[in-house]
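Labels run A, B, C, D, E and F following the written order; every chain starts at residue 1.
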């Protein structure tokens, strides 16, 4: 159940018996051969699946995140971290003021991590607000699936190659992990280093592994939605 | 052709022969009986249609706009204008740096109007950038269609009741235009004044009128995409 | 009665029986052959006239507004919209804290329109504050006068040519409306398009029409000052 | 010659032979029995006098400054320092972009002093810009006049009691300097400490002393306008 | 060699043959029984040691970081992330403008991690700047030492109990890892959860292990200072 | 007693019987032949001495201030004033929330003066907070010592040449006061004007005068710490 499919009377009705909200925050950035919006599509798919089982509302997605290092890859549209923090604060304050007290942020992008600090600042200001943060690819669940199948999860490799993020034929086989300088890279250097944008490893994994991983993340989310 | 359906190589290819981008900026706010995301859905539908005819790229949508006056309607998620200006500046700077020189902003929401001032500031800073701004419901085209059919366009009435924004049965008939105080309303007062959120007029119009209006707006956009 | 002609004891006395304040926000920008401060002078003249009849206090003027597009015309001194919003918020918070509860903003400049969004944000925060916004040249009153005399109101044409804004001999006759590109113009292009800065139409109107228009706007303001 | 009495063509003509500008930055704050706008009126009178002798242009005044400590005195309208810095930066950038290279800031208010830091930041960014800063009441000239007549200059006492700042009968005689706590005072405490708002000393001085002081300051300004 | 022990001529001399700078960014926050400034003291000790071997300059420390979740522990003095990003940007721009081209940021505090995003934004703006980021406790070196001795590194436990961070007798033995809710905690809840502020594990480790860990981190830093 | 030598339990204990805090705010900027951190070292030495006699807590130092005009002297690391205001606000809010109600700011640097305005803004917001501000070199005490010994205090001359700020041999004798343009100088010009960075006068004074001055300032601080 997405907010976009409801009108305000529906949301008012919802708030009479529930106070939870799922907020997907992603990025519009290069994902190698995959969709530029992969970091939105994956957590949104998880949100939709979780919502189907729990009826928890899903807010419209924040489609842009912090990707200054990928700006030399066309199609990457990046926010300053300060901007993203303001966006998220405004959304959460809006929702909180209407009675949403438990918010699960499904973050789809590593560069958004600094956002958690603003959420912590908000937690000190909005008494009674509970915020959960889930970054699916960092979960123990994903780690376990990857280990089980001897796969190495990495940006834009098999890890993110879901049916709904694939927008072109994927290369066969494996990409060698590039040698990455240890300094904080500017966009031009990042592109020189990463070439096609994949951080290395297999380009794709069998569908059943992708499903297994998806299901494991979904289980995490269902658990988190209990806000225990 | 939406960026979300492409990878960065596709966008790089695109930029070799075109430098245009459509950016939809909407709002997540009460629309009476219609979808809370109507202000995104309508310009996005127009963008998709225009893209189909021109192959111009469509960026991911900015799903939130400025709606402080509607915050007492649950589901309204509003940005401060300063936040929205930063979001838009960051996106445009990202795109401009990659070679997008002509950007058509399809604005879906009246409260976002102040944004044009930031765009003007950017126009002074980014030499060679061309920005068009289109607010479909303020167009002569919509005015003409409304006049032709003796309809009065207003927030959340028939004007915005497209098949893809209708999420519930719409009331029959017409709403009397409420008496609106002339001062700048806070959210609570706004809700008292507007009740169901519609600003008055017919709740719906025949599908062929909606199509006529859509087509007229589309024609405007196709014209603007020439950037003449 | 302007604040500049009073000391604080006077204002304290005033607040014992009234809580209204008129705040003029203008611009310092090219007005063709007219004064660069026309957008302050006109609403201030209205404010003074209204104050004479009602004894409502007039705050010092905000002499700068948002005019990035006119910066290639010497003498235009423009604020970023974010700056203007902060200025206005600070003034209103100051006044509200002292007991001014009803504030009429007389805006003199179209580029300041985005400011209304910040006022809406403030209305949500300052309980008991009432803000009116009046942009004289957009009023039905001005429209009616213009229609009655078959005149077309436009930036820097007869519409703003009051005795107190005229600083040089005005051209005779009429300026053809220039062909204006539809995109958001940078300052250089704006100057190329508009030449002498007038947006077209007659350079001046007979004094009695100007007075008629002034009186009509004044009547509007007197009505608004009732804060009904 | 004030910008408000000119149109843009006049300013363009001016810039062909001169690149100086006087910018008055004041405050709207309690001045005891004197005008709430004394901090604008005094430097503006000086600016007008200097302009009469030199033909240097005078920009519209910034009518608001930083006076958080006086907010408990009705009529005080105060900006945050961050706001005032932004206002001044925007004005100076506008003017600099049009060819004003030498700007004399006539500051009328002690609380605005922090502004100089932003001016220093700007001096590093805008190559070729020269900014002078003059705070008349801190000048050696004023000190000398005060010493000569055995007067002690202080906020809102005789020092600022010019014919054009007097808006009410002034008390006879002298106010004892109040005992002032050494800490940074909030607005309520400030008012308790200062009572009528005067910082002590004689309420007025003979007109010829006021003139002597004015002339001395004017001479300073004329010297500074040489930008040597 | 710390900047505080030099004058500007010394630094000018240094810049003739080197362009590296070490910048320590820490936090002032609860560290259980350890010094509130542990997050500064540890990276500073490493910086000093590295400087002794390489003569690379050490800038004054940024003594405050982002710790909103620890604000209920007295002595924690926390910056908003936006503030910390501005501080760091200002320092780096200052240094870069003088010829420092390679900057190693020794971060001492996990809550500062979002700062990397601003550094990435700067890397795109300041051509020729190289920034390294080192968070000692997340290094493979520390992980290896901990594994070798079967110790679990955690906030304020043995991991940070260096001779120079110990300011009180440390408890004997081990603290059970508290059960931590998965949501983003406000400060009050954080204190309830963590009690004495230690995240669990042994309170101290033998000095030789601490030295081993210190040496391993120092080796990392010496390697990074090569900026290869 | 510095916070860095305590853990949070110590601070909690302290707050049971005292609510005072000393906050040193300095600068990292050229001081001629003296330490680049002189503006921190001097107030910190005073803070330590005062703390020894009163047991009042000393917060970690803010090591950076506003010195845009000195940026052409290597080693000067300057914050924008807006940044410094945010840093100080964040620290004071943190401390105030934990029970520190009386804060003495020991400012070490003239360029930080604008900060007082933010402190005044905070005083209006944080009810019950008392803030003292002490700029040692502007004190009557220093003036008296200087007069007594016929010395002229100035930036980086004898005034700041304490044993703990001397990092190199100081020149003998006296520097002529350079001729300083009256405008707000950019960094390059400042360096041309001031050469070695000293503002003129004797390079050093006898140790007993330095001690006399130190003691006089210390006495001031001890008096201020009574918060009478």
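In this section, contacts are C-beta pairs under 8 Å (C-beta built on N, C-alpha and C of every residue); 3 or more make two chains touch, one makes a residue touch a chain.
Given the structure is predicted, the values throughout are model-derived calculations rather than measurements.
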Hop count on the shortest chain-contact route linking chain C and chain E comes to 3
Contacting chain E as well as chain F are chains none
From the listed D-F, C-D or E-F, the one duplicating A-E with over half its contact pairs the same is D-F
Between B-C and A-B, more contacting C-beta pairs sit at A-B
In terms of CA centroids, furthest away from chain C sits chain E
Chain centres from averaged Cα atoms put chain A and chain F apart, in whole Å, by 47
Note: chain B sits from chain A at a C-alpha centroid distance in Å of 26
Rounded to the nearest Å, the gap between Cα centres of chain B and chain C is 28
Touching at least 2 other chains, the residues of chain E are 71, 80, 82
Among line, ring, star, complete and other, the chain touch graph is ring
Read round the cycle from chain D toward chain F, the chains appear as D, F, E, A, B, C
As the complex stands, chain F meets chain E at residues 3-12, 14-15, 28, 30-37, 40-41, 59-64, 71-80, 82-83, 86-87, 90-91, 94-95, 97-99, 167-168, 196-197
In their shared complex, chain C is touched by residues of chain B numbered 66, 68-69, 71, 80-82, 85, 111, 113-121, 123-124, 130-133, 181-187, 224, 227-228
